[in-house]
Amino acid sequence: MARRYEIRLSGSGGQGIILSGIILAEALGLYGGKFVAQTQSYGPEARGGASRAEVIASDEEIDYPKAIKLDLLLAMNQKSCDQYYRDLKEDGILIVDSTFVNQVPTSKAIQIPFTKIAREKFHREIVANIISLGAITEFMDIISPNAMEEAVLARVPKGTEKLNSAALKAGLMAARKFKESMKKGREPQEYHGED
Amino acid sequence: MARRYEIRLSGSGGQGIILSGIILAEALGLYGGKFVAQTQSYGPEARGGASRAEVIASDEEIDYPKAIKLDLLLAMNQKSCDQYYRDLKEDGILIVDSTFVNQVPTSKAIQIPFTKIAREKFHREIVANIISLGAITEFMDIISPNAMEEAVLARVPKGTEKLNSAALKAGLMAARKFKESMKKGREPQEYHGED
Amino acid sequence: MKKRQPRESLMQGNEAVVEGALYAGCRFFAGYPITPATEISEVMSIRLPRVDGTFIQMEDEIASMGAIIGASLAGVKSMTATSGPGFSLMQENLGFACMSEVPCVVVDVMRGGPSTGIPTYPSQGDVMQARWGTHGDHPIIVLAPSTVRECFDLTIKAFNFSEKYRTPVIVVFDEVVGHMREKVALPRAEDVEVIDRIRPTVPPEWYIPYEDTTQGVPPMAVFGDGYRFHVTGLTHDIRGFPTLRPDEIGPFMHRIHRKITLGLPEIQMGEFFQLEDADIAIIAYGSVARSARRAVMDAREKGVKVGLLKLMTLWPFMRVAVERVIKRAKALIVPEINMGQISREVKRVNEGKAKVSTINRVDGLTIPPGQILRRIREVS
Amino acid sequence: MKKRQPRESLMQGNEAVVEGALYAGCRFFAGYPITPATEISEVMSIRLPRVDGTFIQMEDEIASMGAIIGASLAGVKSMTATSGPGFSLMQENLGFACMSEVPCVVVDVMRGGPSTGIPTYPSQGDVMQARWGTHGDHPIIVLAPSTVRECFDLTIKAFNFSEKYRTPVIVVFDEVVGHMREKVALPRAEDVEVIDRIRPTVPPEWYIPYEDTTQGVPPMAVFGDGYRFHVTGLTHDIRGFPTLRPDEIGPFMHRIHRKITLGLPEIQMGEFFQLEDADIAIIAYGSVARSARRAVMDAREKGVKVGLLKLMTLWPFMRVAVERVIKRAKALIVPEINMGQISREVKRVNEGKAKVSTINRVDGLTIPPGQILRRIREVS
Amino acid sequence: MKTENAGNDSEGAREVTEDTQLKPKRRAVRRIDIFKAWCKACGICVAFCPRGVLVIDEEGYPLVNDLDACTGCGWCEIRCPDFAITVKDGRKTREVERRDEKEAT
Amino acid sequence: MKTENAGNDSEGAREVTEDTQLKPKRRAVRRIDIFKAWCKACGICVAFCPRGVLVIDEEGYPLVNDLDACTGCGWCEIRCPDFAITVKDGRKTREVERRDEKEAT
Amino acid sequence: MSEVTKLIYKYLRHDKKFPHVWCPGCGTGIILGALIRAIDRTGYEKDDMVLVSGIGCSGRMPVYVDFNTLHTTHGRALTFATGIKLANPNLNVIVIMGDGDAMAIGGNHFIHAARRNIDLTAIIVNNSVYGMTGGQYSPTTPYGMKATTALYSNIEQEFKISELAVTAGAVFVGRGTVYHAKLLDTLIEKAILKKGFGVVEVISHCHIQYGKQNRLGSAVDMMKWQRDNAVTVQRAKGMNPEELEGKIITGVLVDKELPIYQDEYDKVKERAKEGLSSLAG
Amino acid sequence: MSEVTKLIYKYLRHDKKFPHVWCPGCGTGIILGALIRAIDRTGYEKDDMVLVSGIGCSGRMPVYVDFNTLHTTHGRALTFATGIKLANPNLNVIVIMGDGDAMAIGGNHFIHAARRNIDLTAIIVNNSVYGMTGGQYSPTTPYGMKATTALYSNIEQEFKISELAVTAGAVFVGRGTVYHAKLLDTLIEKAILKKGFGVVEVISHCHIQYGKQNRLGSAVDMMKWQRDNAVTVQRAKGMNPEELEGKIITGVLVDKELPIYQDEYDKVKERAKEGLSSLAG
């Protein structure tokens, strides 16, 4: 049976989680040639706090559209990190926005301050989600950076293309940096925004 | 199985057919101690021409509430006479208001000008139905005149009791007269309202 | 000559419904006129004010349904009456009553459908709608009288069940039953069993309005008596407040179904007529059950071993009764003035055991005894 | 890296419904917002004016249903979309469309019920309502997509069937299907079969709007094209005028049911997945069918002979397909996110042949593959 | 008012009971026809005829009693709920018209 | 206005972050409390304070900046959609009252 | 031959459907006459006319006219009519409703159709009662009158149909009585020719279901009452509230200009085609 | 301690339910505050208060107040409330509705409750949009504004809620804005104390679903707009239509006396007991 990838993006409303989910799905599906199914959680009819998007990708048609065991979990805040960590496979990847996530449940956690980067480097918190997509791309071999960039550019408002591809790159870089830091076995350093 | 009597009163709207049906049912049921079921036909939601009421009487509980084969048919106009005659048993009784019914389907038909009597004797067409009840009482052994009178008085508007019991009697008389005239084998005479 | 019995009178099925409601303690009626149910509104408008009850003619059936739910929450037994088109309009608020467990009674006098159909002619076309008309899974009780006296008795039952099980109860019958007049002797009030909802006895701060109980029916406080609870059509927790938690929603949904299931022995009412030795069983309700009874008697005269199961409760469907019947009966006949609705249920519970044949009429007429008799001959 | 395919795109089930409708020639939409169907209204409001179609947001769902019937009578293919509460309100006018044989499509995106329930969570609680929600016996067609692509395809089918059989067609699916996004490649318009109602060819004075035909579907004239006929919700004669005559009503009622029955071979659509050698068969639809499919594959890996009958048509119920399945299968599993609705139909047609077990969830969640797999193990 | 293309006056189910009261010389001038098959004897035409032209017969149907008085104002026609009475070729004098029109508003 | 029987002020879940800006001698006179657990940082109280008493902190929450200026008019309390700000013991001068009331209508 | 005969031949499905179902003397038949005269004046083709009704005695009217006719559900006629008109703006759509039909169950559709200014003509047969179901009170039954559901007399205030129509936004509102039948011709003609939502309230009589219960006498008596209590808009201007108490103000109450829905929607189509939005897929 | 704190303790189910579901800055919360202050002024007992709502953001209000509370179906709140009030007239029944709830799907119940003069208080949160379902246009969305179902801008005329209430017969009608919160206290208190159907229309803001789409800025910006465009009834008297164009007239629009339904019905009971009719069985 073909390999099935299960990804969950989680955080709070206003962090652009749903849009990230759609872009990720399009990167994998439209530009990556995979079968994809994307779902999201809705709060009560009135606006709710938590936000969650899931993307399932596979080389064959997707039956059950929701995640069963996660290959990758992105947690943009502490609550979602605590809540969803248990859904991760043993070898699943956990990426957190260290701007808001202070306690990580595993040392293997990939900690990158997406929001901080967004603030300090782009003076726009909203691009934090795009930055996180960069990191995801770096850590998921099934996504090609070009596919992701195409997907991002196809969805973001006209006029913001430059900003967003820059953000995407920043995410990729930050992720690489983190990888190295881990290879070097050093404690992952907090990002200070030099680059 | 106990004897089941099936009676249908028919005519056109405004002739008080439904009220007659109710009174007849009460005479048999409440004052005659029988089981009764009374039904009526409704036209379209808007007011329709024809009017029909049925009364089933029996000494045991009544199952099917509609008439199957009539023991007695009262036809207050030609149309209903033509339409319903076929539903009568061979030995069934046909009573017609000869004011409006000119062609009778059988020589055994009991022809009494109820409306004419009402007009000429009471100057009130509306009592024609009560007069007809008198005739029915005379021809149906299961109804006692007292029961019928009680039933009539219980239903007619206050103040009209005298008028209506007079009408009822007139019906009984006319029916007796008709009986005799038949015994005498003479052609039933048209009523001229002397009495 | 027999003297008239004291409490004997000739009345229509529709009038008997009103009498039953008043006996049961109904003191609020909201409705909108519609043939062939209008007499219920009309007589209610005359009778209720005399017993300090309230009648109101609302702007439509949706409003009528809303009003009776409100009245019931305020502690007054309430009812509405309508026919097919109005019943369709009541469905949304009917579901609200199921969800929030508010006792009330809805009478549907069935006329020919679909749509405006044949307003003055009988039908049994709404019996599946009575069970499934509103969206979402909901428990419901549906009773079906076939005589004027049953209109009286089953309306009382309807109120009793609605109060006891905190659920709307539907009473359905065809135009023939609604407009037919029969002699009935109403019982003395003190001879009629009337059940009222169980009120909470605990102090307000301890009251849990949607708490589970052994019978699955939580005590019901009434607006104004100090309990200040919350009622909503959203899925709610035991305190009545909205919840999205599966572990609260699941148990709630199962409880409101369980409470009815637990009551089935008393809720499911029927009449077993000459079934002891019957090889052929007719299953019928409403005016058709009367024709069936006659057909059975006629067939018996000719020596055919046939009996009748008259359903007085349509929903929850009387599986147990049917199973009892098919223990002996090899053939079932289900006559209905519709295209076959209850017969589907019979087939479902029959599980292929007996041979099921249906008689269906949708031309505006009810089914006469002769038509059933003919079928009995065919299958026997 | 793969290049993006021309007409490939990622869309929600709700959006796919709109695409399907536009392909099928829908040019009129009247609706009222409601979760989780709102996207259908929203996208329609954007797309329709671009193709000279008309979108109108009415004051409620009753009005929406009325408006689409009116538009269809004026010759424009029309549709509305809603969820449970709104679907309940549409029932009366839906029955009118059945009675007067006006083609139209109604989409019900099912959320948790009853009443307001759980607006944002999936359910299959309206499946029986879709068949029986309006009063009186009425024929109806109900389709149930389980993928985004099926949302597109079955919406086109819905319009085609509604036009061909002159009947309203309902499309129902749960919130998961409606909000899920999948990659779909829409066909070129010329590759899509679109069916339009048959118009009369005879001169107006010869036109008999409700005449019987071999297929039971009379040609349908349109207001404004010179035929000046009458349309009513009352029982009517072949000329469309009100009638009380049983000999006219009976044949009419049977014709409108017959016309659907004659079409069953094409109307009843399903998918037989690994059923050839299956001892156990799962019968499912909507998002649950997706879980079932996965469960079948997992079970097969463990060597269990299990298959899936995916229902894409819910009503008229697919008796023939089920009968085919139980020719071999000894056990049937019917998982639904409701208290058991289609499973009742399965039991009815099963007539005790196979062992039928149900999986039901009403806690707001859909049924995951694991839950079905467990049941497969239990019955195998 | 466009009155053309009603040319099918001759045929059709609707036959008319010619009014007997009509005096020969007037025939060309004015006629009032009552179509009993449709008339429901409601009495409206009779009650509101401004000239008392009509009376009620013993069966309750309207009867033309004084055709001379008829001004052809057409009110009987217009107020008949059943399209059962028609007035043909109504010539009017100015002041009669004025008086009758007053009623219209 | 009946203000009795609200005596359960001491207990209850609702704890209050005491305002640090508060100068000792004023404590008895007036205090403004912001209940962060309920505050949604909408900025309404800040925007419409007629005296500019409040400012927004970097997290977006209101902060008492110039308590001296506070007239205790209570508008911040009244316009807070979340019951998250309270003003205690507001003494007002006549003309301030008049000016602030003007806003009310 | 006479005018009316010509119109009967031209506009009525007279050959099979007459005499009609309405009671002897019912005002509804008089309104039907006014309707066909008014339509004849407009010169519109029969093929382009649609007569839509709800359920009630008045609801039976479409059966009798040789147009495209639609007898909908109770209270919903305007919603069907809205669909018809927007789907094919070339059709002239007239909606006939009873007071219960239009103002009880259908009240919401009425005010919304007026608000949206859908180009329809709404004729309301106001006989102050539910005639067809046998004489229950309606939203226009005056306070104190009797009905089969108000045996102890009606305690509800009545809706003023025309006034409500005005507030809801109707661009043309006229009121007449069946007694003043010629005025109806004019009002209905004006309403049909009016671009936008036109309302004609017709004060009619139901002597059978309403008159009898309230001892108002025959159809003739009730029409006399209409005659004696009608006041033209012009005359009303010169009268004070007391004098106007219980009077029927007849004539054109409102006649104003507002863009109709379908014209506004045409602009929407243009804007949409300009691809105004990038959101759209 | 402060007034508001006292009221919170007295009237809110604050211990578990807060912070409430509404978006930061939503006007609905301000109205909730005004409501409890007004009720406190009336001095009514909590046990006798019933707060009924329909479906919508405003519909969530009952959850938070410590009264008898009922969250009904969309648009039907007034029908439930009518049943409650007539069944137990001792209860003080307040109905909170959104503009869609009260005027779209619920429009008919609104005008009929007003006509019958049921002794209820109706508070309408008019934010000109369907907030809860995500920003579709409502019957009070002004012409030309954007909504998720009116991307090319709204082409419908808006209902004037208060004016419609007046025509329908409401005995008390007041209008205020969330900015002028103290006025709301007064209007709501008056409406509650009023014998009969009292209406308070509150101009509120939905900056999230309506403001964003129409670039009207934050909650603060939208409240400034309320401040700058409100005109008191008194001042409005001295202004001409042009000047009043686009303004919000605030204050008491109508305050009149009419017998309420339940009092009238008490008379019905008397008449009934006099056995007025022989018809009755």
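Every chain is named by a letter (A, B, C, D, E, F, G and H) in the order it is written, and numbering of its residues begins at 1.
As a convention for this text, contacts are C-beta pairs under 8 Å (C-beta built on N, C-alpha and C of every residue); 3 or more make two chains touch, one makes a residue touch a chain.
Everything quoted here is computed from the prediction, not taken from an experiment.
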Chains touching both chain E and chain G: none
Steps needed, at fewest, to go from chain C to chain F via touching chains: 2
Distance from the mean Cα position of chain C to that of chain B, given in whole angstrom: 37
Roughly how far is chain F from chain G, going centre to centre by Cα mean, in whole Å? 58
Averaging only over C-alpha atoms, locate the centres of chain A and chain E and give their separation in whole Å. 88
Chain F touches at least 2 other chains through residues none
Touching two or more other chains in chain C are residues 9, 35, 46, 49, 59-60, 62, 85, 92, 96, 115-116, 119-120, 232-234, 242, 244
Residue list for chain H, restricted to those that touch at least two other chains: 22-23, 55, 71, 73, 104-105, 107-108, 112, 133, 139, 151-152, 265, 268, 271-272, 277, 279-280
Note which residues of chain C are touching chain D in the complex, please. 62, 83-85, 87-89, 91-92, 95-96, 98-100, 108, 110, 112-121, 123, 125-126, 128-129, 131-138, 232-235, 244, 246-247, 249-250, 253-254, 257, 338-339, 341, 344, 347-348, 350-353, 361-365
Note: in the complex, chain C contacts chain G through residues 32-35, 38, 41-42, 45-46, 49, 55, 57, 59-61, 85, 115-116
Please name which positions on chain E make contact with chain G in the complex. 1-3, 5-6, 8-9, 12-14, 33, 37-38, 40-44, 47-48, 74-75, 77-84, 86-89, 101, 103-105
Using the touch definition up top, name the residues of chain D that touch chain A in the complex. 1-5, 8-10, 35-36, 119-120, 176, 179-183, 287, 290-291, 293-294, 297, 301, 366, 368-370
Chain E partner, complex, touching residues on chain G are 1-10, 12, 14-15, 18-20, 22-30, 32-34, 37, 40-41, 43, 178-183, 218-220, 223-224, 227, 232, 250-251
